[in-house]
Amino acid sequence: MSGSTFGRIFRITTWGESHGPGIGVVVDGCPAGLPLSEAYIQAFLDRRKPGQSKYTTKRNEADSVEILSGVFEGKTTGTPISLLVRNQDQRSRDYGNIASLFRPGHADYPFTEKYGIRDYRGGGRSSGRETIGRVAAGAIASLLLKELGITVRAYTKAIGPYSISSENYKFSEIEENSLYMPSNETAQRAGEYISQLMSEKDSCGGVIECVADGLPAGLGEPVFDKLDALLAQAVMSIGAVKGVELGDGFAASASTGSRNNDPFFSENGTISKKTNHAGGSLGGLSDGSELILRAAVKPTSSIARTQQTVNTDGENTEITVLGRHDPVIVPRAVVVVESMTAVTLADLLLQNMTANIENIRTVYRRK
Amino acid sequence: MSGSTFGRIFRITTWGESHGPGIGVVVDGCPAGLPLSEAYIQAFLDRRKPGQSKYTTKRNEADSVEILSGVFEGKTTGTPISLLVRNQDQRSRDYGNIASLFRPGHADYPFTEKYGIRDYRGGGRSSGRETIGRVAAGAIASLLLKELGITVRAYTKAIGPYSISSENYKFSEIEENSLYMPSNETAQRAGEYISQLMSEKDSCGGVIECVADGLPAGLGEPVFDKLDALLAQAVMSIGAVKGVELGDGFAASASTGSRNNDPFFSENGTISKKTNHAGGSLGGLSDGSELILRAAVKPTSSIARTQQTVNTDGENTEITVLGRHDPVIVPRAVVVVESMTAVTLADLLLQNMTANIENIRTVYRRK
Amino acid sequence: MSGSTFGRIFRITTWGESHGPGIGVVVDGCPAGLPLSEAYIQAFLDRRKPGQSKYTTKRNEADSVEILSGVFEGKTTGTPISLLVRNQDQRSRDYGNIASLFRPGHADYPFTEKYGIRDYRGGGRSSGRETIGRVAAGAIASLLLKELGITVRAYTKAIGPYSISSENYKFSEIEENSLYMPSNETAQRAGEYISQLMSEKDSCGGVIECVADGLPAGLGEPVFDKLDALLAQAVMSIGAVKGVELGDGFAASASTGSRNNDPFFSENGTISKKTNHAGGSLGGLSDGSELILRAAVKPTSSIARTQQTVNTDGENTEITVLGRHDPVIVPRAVVVVESMTAVTLADLLLQNMTANIENIRTVYRRK
Amino acid sequence: MSGSTFGRIFRITTWGESHGPGIGVVVDGCPAGLPLSEAYIQAFLDRRKPGQSKYTTKRNEADSVEILSGVFEGKTTGTPISLLVRNQDQRSRDYGNIASLFRPGHADYPFTEKYGIRDYRGGGRSSGRETIGRVAAGAIASLLLKELGITVRAYTKAIGPYSISSENYKFSEIEENSLYMPSNETAQRAGEYISQLMSEKDSCGGVIECVADGLPAGLGEPVFDKLDALLAQAVMSIGAVKGVELGDGFAASASTGSRNNDPFFSENGTISKKTNHAGGSLGGLSDGSELILRAAVKPTSSIARTQQTVNTDGENTEITVLGRHDPVIVPRAVVVVESMTAVTLADLLLQNMTANIENIRTVYRRK
């Protein structure tokens, strides 16, 4: 099956390697009637484009998207939307020296074990460029969410040890620093930390937080397709993410029931919660409050420092990973986390349509 | 779709409510030829059975499993295996008083919003009893893993703030304390903490760790069905789990590339890693080392303490959750985490069979 | 995967063998709020029950259904509905003599090749009793269709060479003869034909026709999940069905475009077709007219006549299939074809809900 | 979901409209290590290319395929294979006159009802050009089948009333006539029939037969994913196909058990069948003999003759379908039926790998 499809109704299928002809995605199951243009999608892709700050790879890619199908006279038609981004800067000579080496922290070794063959050019399918398809699909998902008044926003909560606690968030500052942190001050210190690591041929990771507003209660399917569970799969499927949590997450495990339960209250006919330790999900269904999730991103595996490893003949050796690599991928991964969250929510919104007979009567009696 | 099916090839479909006639699971796609008995499955179920220690609910359930199909003359036949556990102790009178209230921390409110109807007896489908089907399926998955020399073991790493660091693990002690902790000493202190909370009509959570040994390299499917991603879905889909991480997980986000990368080395023709910060997964594929994951479990939502809430008419009110509830569900959830891990690994083992043409030739030329 | 699940949103998973403890189905994705009782399902099951006429097996089975989950206070809750029918008359001694023989026309040989093991008692999983789960699920699907004014009805068009042309249908007579034919006269002659075959230890097949009324236009998903395609899978998946056609079907292949195209016309604001050679489907989507499909059922494979075959040691030998077998399964398969059609339509009705943004707005703005 | 994906393990997702930028397919789950080139795929596409004989549309399309991913150094890598064919001859002016009319026999009306929007240029998604993706995927599937000694071949059995009975097949003549019939003589008469219809602005259909050789016994999954059932879906999902049958198909319904059962016999240690009324499938699993299926293709719906219809405002009117249309699509659909059969068989070959524990041990112990 090879795992390139995500979603039940709003389904995305990505394809493409780092140094092949291109990268793309097919979005099947997007409802007809949404206004969609290449410019709209391009704006999302530009947020993950390389070369935007001193903390990102110098690889020079326009990452221009082309809509190949599924849109007619500016609107989605309900048929699959195929999106293509051509790879341009395919300097695969940079990767010749690693063709016969297993890079630490990378998928080279298990890929070879699994497939018996490996596209060694820049990580091939396991390259970060694979996320282009996710972001393009995320743009379309966001369009659907927007129609229903739902917004999704991700930002950098931490770079290495430099973390911002939620009471100090300054959301207006997110776009003001190249790390997408809700605090210019912390971003400044994190930036110095990254510069220091770069000079030491090292790298770091961080934490991305994502918030969704405007969700109706009831999204998510009980048991295996819980809102939490599908979001966990969606976000953990992003390369370099090693942990996911909702609401208080791991901290909740050290709390008590009396502190962790969010009391309900009613005001002007609207039911809300006084607190939101749950992060917007109860029993795997959205509870109408803000959805909050966090993803732990490991340090970039590609570092210029010499590392010990094994070659494809099974001999011990050393490796120095050359090429153009981000010292930290967190800032560019922000829009990827946001996109995967949007795709998951869009799918669950559609799945939820058939939960009860009243919804069904509403649709078919309208006709 | 309603989310009751998990897995692509080794697929489990669970059903059942807390106070209905029974709970069960259909396991489809289990290979033919495995020796399977009710006694084997029962041993797994007994590990999650209530009433085993002073820290678990007094609900009295034998939870006896019956194999309804898929086994002939003591062996699996390749057809779906249907398993049934009858509910016996259905004291639904305990729940009458909450029929019209939304319990804080529970799924009552979003279920009602989603379906327009709610089985209010003991949580219905969102009850912890739903996990019976998972554990029964996990027993079968373990059987398949065992055939290939793979073992999966889970235990309690932390109860509330009482956590054991990995260098202090005493694995031989896990079965010696009713909390399934690899340290009798910490278990002792955690037990006192739980007793204290019980006297205060409060509850706590904890952290469960799960380790799988003997995995070949290459399990997991790139992109969306990464080993990490499917395990995250599997484990996060367990009620009360609010966070999942692999290897160093969230701690990795504060590390550096030079520290977090695991160097490869070769010895006697075998490729291994010197460290295992990755927790056994690189690029979403197993790397041949130990798989390590952790799940954060929130404190039990059902507490006897009076809480503020709203009733089904939307009026502010108070609730006192009576009935028999675990002050901490962690010990009973250990086997559930282990089961979901086993089911995920079994499925990925089968998916991996078709990764390359050499595997396929091997099977079809044998005939 | 082993193929025991059908449907995308309204999903059914069947399990069970002819001579195991029981047969059942799990229906996941049924909307909440439908009135459902065991009596309602039982009425469907009674239509396929053995022992109802001289043309059906004497096997004595009550085939009583028990609802194990998914229904609360007489209504579906949106969670999986698990249904169980215990096998009662398990005279497996009848099958001892065929344990080591491959019955012609049966799945014995390929099952053994595939699984390396075979439940030889009465066909095991490939027994006609497997259809119990389909019919129980079909009852639930019909309930959903009924809510939207859609009816599905199947009947016997032909028994062996005795076929009724559509202009001679007398629908009122279907329930008056034990072959469920819309012509008592043809049923009479077909009955004599069957009696003759029984005396010769032989069997016959026939054609079942199924008609659905009240479908809105637009059901079905373009390309692979066309209405025609999913109905073809659904109906061809019934054991003994060897052909499926919609509308004029095979006859259309010998027609011309000018005769086969159905002209549209409009009357009182309603768009209809003057003819219905298409059988209610255009481009794989329902077109608002009557859906008509036919299934070709092969003669019963189990015949008492001595046949040539091979045993499990690969030696040439003879076989005489004893036991209780229907000389023709068509009458009992009528409700199975109807059920599979209902299940397919129910699923496509739910899938169609998300086809356009207007439907989605309608549901979410209602709240 | 919108139905653009087919297959469980070997999965194909097609996209594209008749007059959009292009048409394509993503093949996910193809094993690594198969030799694959654009030239190989192109040879399949050339068989369905328009403009090859006087019986096919004059639309001028090179239909050149580009491999965008999944192939490295001439071999498949196990990652998704994305294939793109640009549309070139997009004379959409031909379709302007039908933008506001519902063409009889076409999907225009139900598409509009379903999506509220319609790409009216040449049928859009429901155009025959959609099958380009199927054929490209079929080429890859054939490659996998070839590795295991399986061949799939389709041809024209009938054009309108001109049908060839199997005892008169001359397989060597298939490539000698532009209708791909195994009889030049019948092809000659069928050709005259088509010419006659063309002069009358009319069209015809026909029957395509497909045969697969070399299949091991046991392919197919019991119950819903039977070999017959998935083939039926696969073939019926091709636009214009209105009926499917295996082996004797509809004729079997008028036969008797004693004639229709295929006796087994053993020779030199190999088990075979004396006859093949079943068409190579017993109980939904391949039985080791030749697989035979037939598809009924309706007459081309686009005819130049004036027809009665309704416009998008619901008014009665007339339509004359201009543009370039095949008077019969059967010859070009031959490779489409062959491709869908190959895709289905490839998928079932992979699914079958995990049927028993012996296969699994064989793969994992090899390592």
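Each chain carries a letter (A, B, C and D) given by its place in the written order, and its residues are counted from 1.
Here, contacts are C-beta pairs under 8 Å (C-beta built on N, C-alpha and C of every residue); 3 or more make two chains touch, one makes a residue touch a chain.
Bear in mind that the values here come from a model prediction, so they are computed numbers and not experimental data.
Contact with subunit C and subunit D alike is made by A, B.
Averaging Cα atoms per chain gives one point for each, and the point farthest from that of subunit A is the centre of C. For the pairs A-D and B-D, the larger set of C-beta contacts lies at A-D. One of A-D, A-B or C-D repeats the interface of B-C: more than half of the contact pairs, counted by residue number, are shared by A-D.
A separation of 25 Å divides the Cα centre of subunit A from that of subunit B. Subunit B and subunit D, compared by their mean Cα positions, are separated by 44 Å. Between the Cα centres of subunit A and subunit D there is a gap of 38 Å.
Within subunit C, the positions touching two or more other chains are listed as 1-5, 8-9, 14, 29, 32-33, 78-79, 114-117, 125, 216, 222, 351, 355-356, 358. Subunit D contributes residues 1-6, 8, 14, 102, 104-107, 109-111, 113-117, 125-126, 130, 158, 160-161, 197, 200-207, 216-226, 228-237, 239, 241-250, 252-266, 269, 271, 274, 278-279, 282-288, 296-303, 305, 307-310, 314-316, 351-352, 355-356, 358 to its touches with subunit C in the complex.
Against subunit C, the residues of subunit B that register as touching in their complex are 1-5, 8-9, 11, 13-17, 20-24, 26, 28-30, 32-33, 66-70, 72, 75, 77-82, 84, 114-119, 121, 124-125. Those residues of subunit C that touch subunit A in the shared complex are 8-9, 29, 31-34, 78-79, 144, 147-148, 216, 222, 349-351, 353-364, 366-367.
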